[in-house]
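Chain naming follows the written order as A, B, C and D, and within any one chain the residues start at number 1.
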């Protein structure tokens, strides 16, 4: 296991017969992922892009040994889809679905904790380990196998930065898109220990944004427990206070969660903080050179 | 995010058993006169403008009337007035009461702890932003168990109530928690929670309902007082729409990329006006819709920054060129497009053939946008 | 454990939105005639004795009537009849319906898994005990999340319904779950859940409410149809009271010790009659109360087996001797007492001085009890 | 740590000012237990038998380092008392209170699982390790330090059997009274691994009763995982079917949970099953001799 997914990953796609489910099943397979099953209640027995469809996750697990679920089902049904995956023994669920009410996510998060199922997301790009497996929707083209870990609250901005890393001739060990919703199953402080323990990761790129205090907590964690170099970028420096900058719910409140507070916390923790996203790849290369990893 | 007017929030409180003053909403002076004449609300009354912004007391949006004549004058003055960008259309009339103490109580989400957080203060009546941190009691409430007795005792500790108010607190806290959970609220706030004649009364109500839960709450779908028509269209198409001070229009996909785009624009002296965030999608239809929506906002120049994941760049480019033809000449604007991803070279060719500036470097694109705006302004554009 | 009569269970179902036939409860032939005459329930009707035991259909406790005269005859015959030890005092009149299919549905606690267990079967209408295990679908329901969609689909799978019933199932399952949780039920059972004119209808209702939750449900406190007066006294004093076939009275503290005492008694040929379990306590007052309660049950001989933990044995012994004097001569019975724990030697001395057989060995005590009963019977006792 | 409690155990008594709370505080102290705090809301600052009383468990933990709670508060308030203990960081709660609705116990059990707090009980005698500590209400007189572990669903019957072990000259390592309610925080299969791992326990006495299937599950566990000798007694052989034998809720249903099925399962798992409680001590001595432990 690299971080979360590897070549033993066997993906079940919940909501495989929907447009997104089908499109990304193809993409995950092109990435080299073992997509072993799909689930759409009532459509058991069908095939989607060569993947057998089951009526329930329990069936899919029993018949195919699926161990990671990627959930595309619409928001009103996402909570129950996650409960089903958990009850069927799935221990990693990547929830791509957006617009899940946070009250539902609270239930899902704590139920997952209780039963031992980790959530990535919701409303997230998911996880990818180039050359091994992808559970999610990050475009395949941005990747190249390597030793840079990426963890991010953003979607397309992550693709942009991961792509930039590739363009300077480096590659990624694992990339985790956490999602930017108010309640996420895995936050920076949950993800960083995975990279710390991963022998295949030399450096971590952390992509944050304004709102919340996840980056400040990450800085605290990095300061106390993280031994590898970190390059960070925080989006939203120019965002005016009090404006909601997107449905992800990035609201600035009480002077906490500003770009300035996040950048300063990360710098104090020893991270290199990029001013602009296009500066990240060069800073990564520089930190790697300094650390003697390249 | 559906911010409810005070009277709607109080209606929810009433349903859950949180005591509120017995008031009436009026939309005209005649209605106000009726309410008092029939005794539905007895004079003297407090008249509260039903706007969503805070600071109503200081801003003249809360007034008092002791006689029918006074009431007519107050209501006539208040209806139609502007308050922090909102037009006052509804007034809440409530009996004026002798307020003993003013307390603060709210429940909102603690994102880091992933549990709701109840906040209480013995010093209510002012906005929470202006309260000192050490005056605020923070009580995490686990969604699987609700408010436990010891947590209620902690709230009781900061409120220091005497009977009967002290006896009423536990039930009120349960009711507020239930309202927060069952109504899918982002925020339930009582400020002030007042002691009136020894009893607890919610003198104000601030309730924000989560948009994403609208499938469970169709009853809130019609409450959109705070949106402009363009914002309403954007919402229906699931495009985040924000109006800032500048003139440059920005279309991007994903909150992070949108913010990064604004950051880079600002760096080169550009002032973003409207920006549209398509979410994580690169669906060509949605790009087209955003483009047409942007045209209606009449920007001086538009910067389109799309990172293509699933869709090929040439498909997005073709959609964009097609959309361009639908914009009336009078609404035309310079466009700088940056589309990255699969087949990006082909995409750029298509755009350039249609006379659209197409770049791949973010920095260079931002500079081109700022330059285009300068030229347009220099050329005496709108 | 409060077993509710069918009509009370159906009243709960109705409140939670589970469809039931529109019936009426009657307690006399005149009431029954009224119900039919006013059209509250239309003929032909089914008349169901409101007793708690099962097997009413086969046992003549469910009958039919097509005319007013028939109804009078049926009601007169049924009211006051004995059914498995219960006297029929109430009848439920419901319109007779054409039942399509009969299904089974219930929720009860799974002690091992520590979650409620929903049980469903496509073959309802018979008692669950007689159903084959492979005809029963078992669905664990986690109390923190309730019934998830996939669990409802599993139930739908065994029911194989067609619209409209198939559309009604999800709501009915949610309602049953809510009733189970919110009413603090030990069991909610619908058997049969019938398909009538294509719709789901709960034709029967078996609801058992948990005694321990009575502090939340005072509304169930008065429903005690199934208790004898002695059982009612015992319940108030928190003493478990069970009536068996024999004549030996047993008083012990703790369920395990009580059962072990019965096991040992049986081994030596003793037949326990009433037994009282004081729970884990050795409170002397409760020992005295149990003793006086036992006297009212008129046992042939009593075996008191108390393991003293907190209280000293001499204190218990003194209380017992004092209680002995309160029993009227006519109700006297031989007593064998075994009190173990602190100061047990002193306790035994006190009992023996008062003429009570006091031992410390369980085996020897049981033998003494059986011997005492033999002697009493041989002596021509009651 | 022996099993659950030892000389590092620092007990807080919730409901210390009630009759039971006070009585058993004295008894626990006489046993040698460090009873460091009591909690009764509104009575903070008082003392009970030399033990300081606090208004909240959080205060008690902060001021005294309490790490085990013994709960005596009345049933309607027990659920919240347990939540309070859990939230205050207590990781072992012995719930003596009886008549807690099982719906409340379901919440408590799963909340405890989620937060990492083990429950013994409710309606239980608690845990005692002679010579070390007692968290509960088992009479002190029945104990003597030794190497026999005892785990039981019963109350007074346990005292009887533990006392019998003492009377044949043996002693106990740890005795756990699990309680006989429909939902218990710790069942036989949860407790047996603790004894398996405990170097101070040579043999385990298991005291069960009719109703439920906890003993059958214990037999399964013993068969598969338990290496030490087991002597068992099952109360209720003579109980008639269908009669409720006590408020503990021992109901026989569907032919499962009978004394016969439990006895036979345990015998097949290699346990020695006593016919009567007074036979247990001799059988314990015999199994210990056979195992060469005595």
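We take it that a residue touches a chain if its C-beta (ideal position, glycine included) is under 8 Å from a C-beta of that chain, and two chains touch if they have at least 3 such contacts.
The structure displayed is predicted, hence computed values, not measured ones.
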item: Between the pairs A-B and A-C, the one where more C-beta pairs touch; value: A-B
item: Relative to chain A, chain with the most remote C-alpha centre; value: C
item: Euclidean distance of C-alpha centroids - chain A vs chain B, Å; value: 28
item: Distance from chain D to chain B - Cα centre to Cα centre, in angstrom; value: 54
item: Chain D, residues touching no fewer than two other chains; value: 107, 110, 114
item: Two or more partner chains touched - positions in chain C; value: 142, 144
item: Chain contact topology (line, ring, star, complete or other); value: other
item: Pairs of chains found to touch, sorted by chain label; value: A-B, A-C, A-D, B-D, C-D
item: Contact footprint of chain D on chain A as seen in their complex; value: 110, 113-114
item: Chain B contact footprint on chain A (complex, rising order); value: 23-24, 27, 75-76, 98-104, 106-107, 109-110, 123, 125, 137-139, 141, 152-160, 163, 180, 182-183, 187, 207, 209-210, 212-214, 217, 233, 235-240, 243-248, 250, 254, 275-278
item: Chain B - residues contacting chain A, complex; value: 1, 109, 111-112, 114-116, 129, 142-144, 181, 184, 186, 210-213, 215-216, 238, 240, 242, 244-245, 252-260, 262-267, 272, 277, 279-280, 282, 306-310, 340-342, 361-363
item: Chain B residues touching chain D - in the complex, by the definition given at the top; value: 142, 144-145, 148-150, 153-154
item: Sites on chain D touched by chain B in the complex; value: 41, 55-58, 77, 79-81, 83-84, 87, 107, 110-111, 114
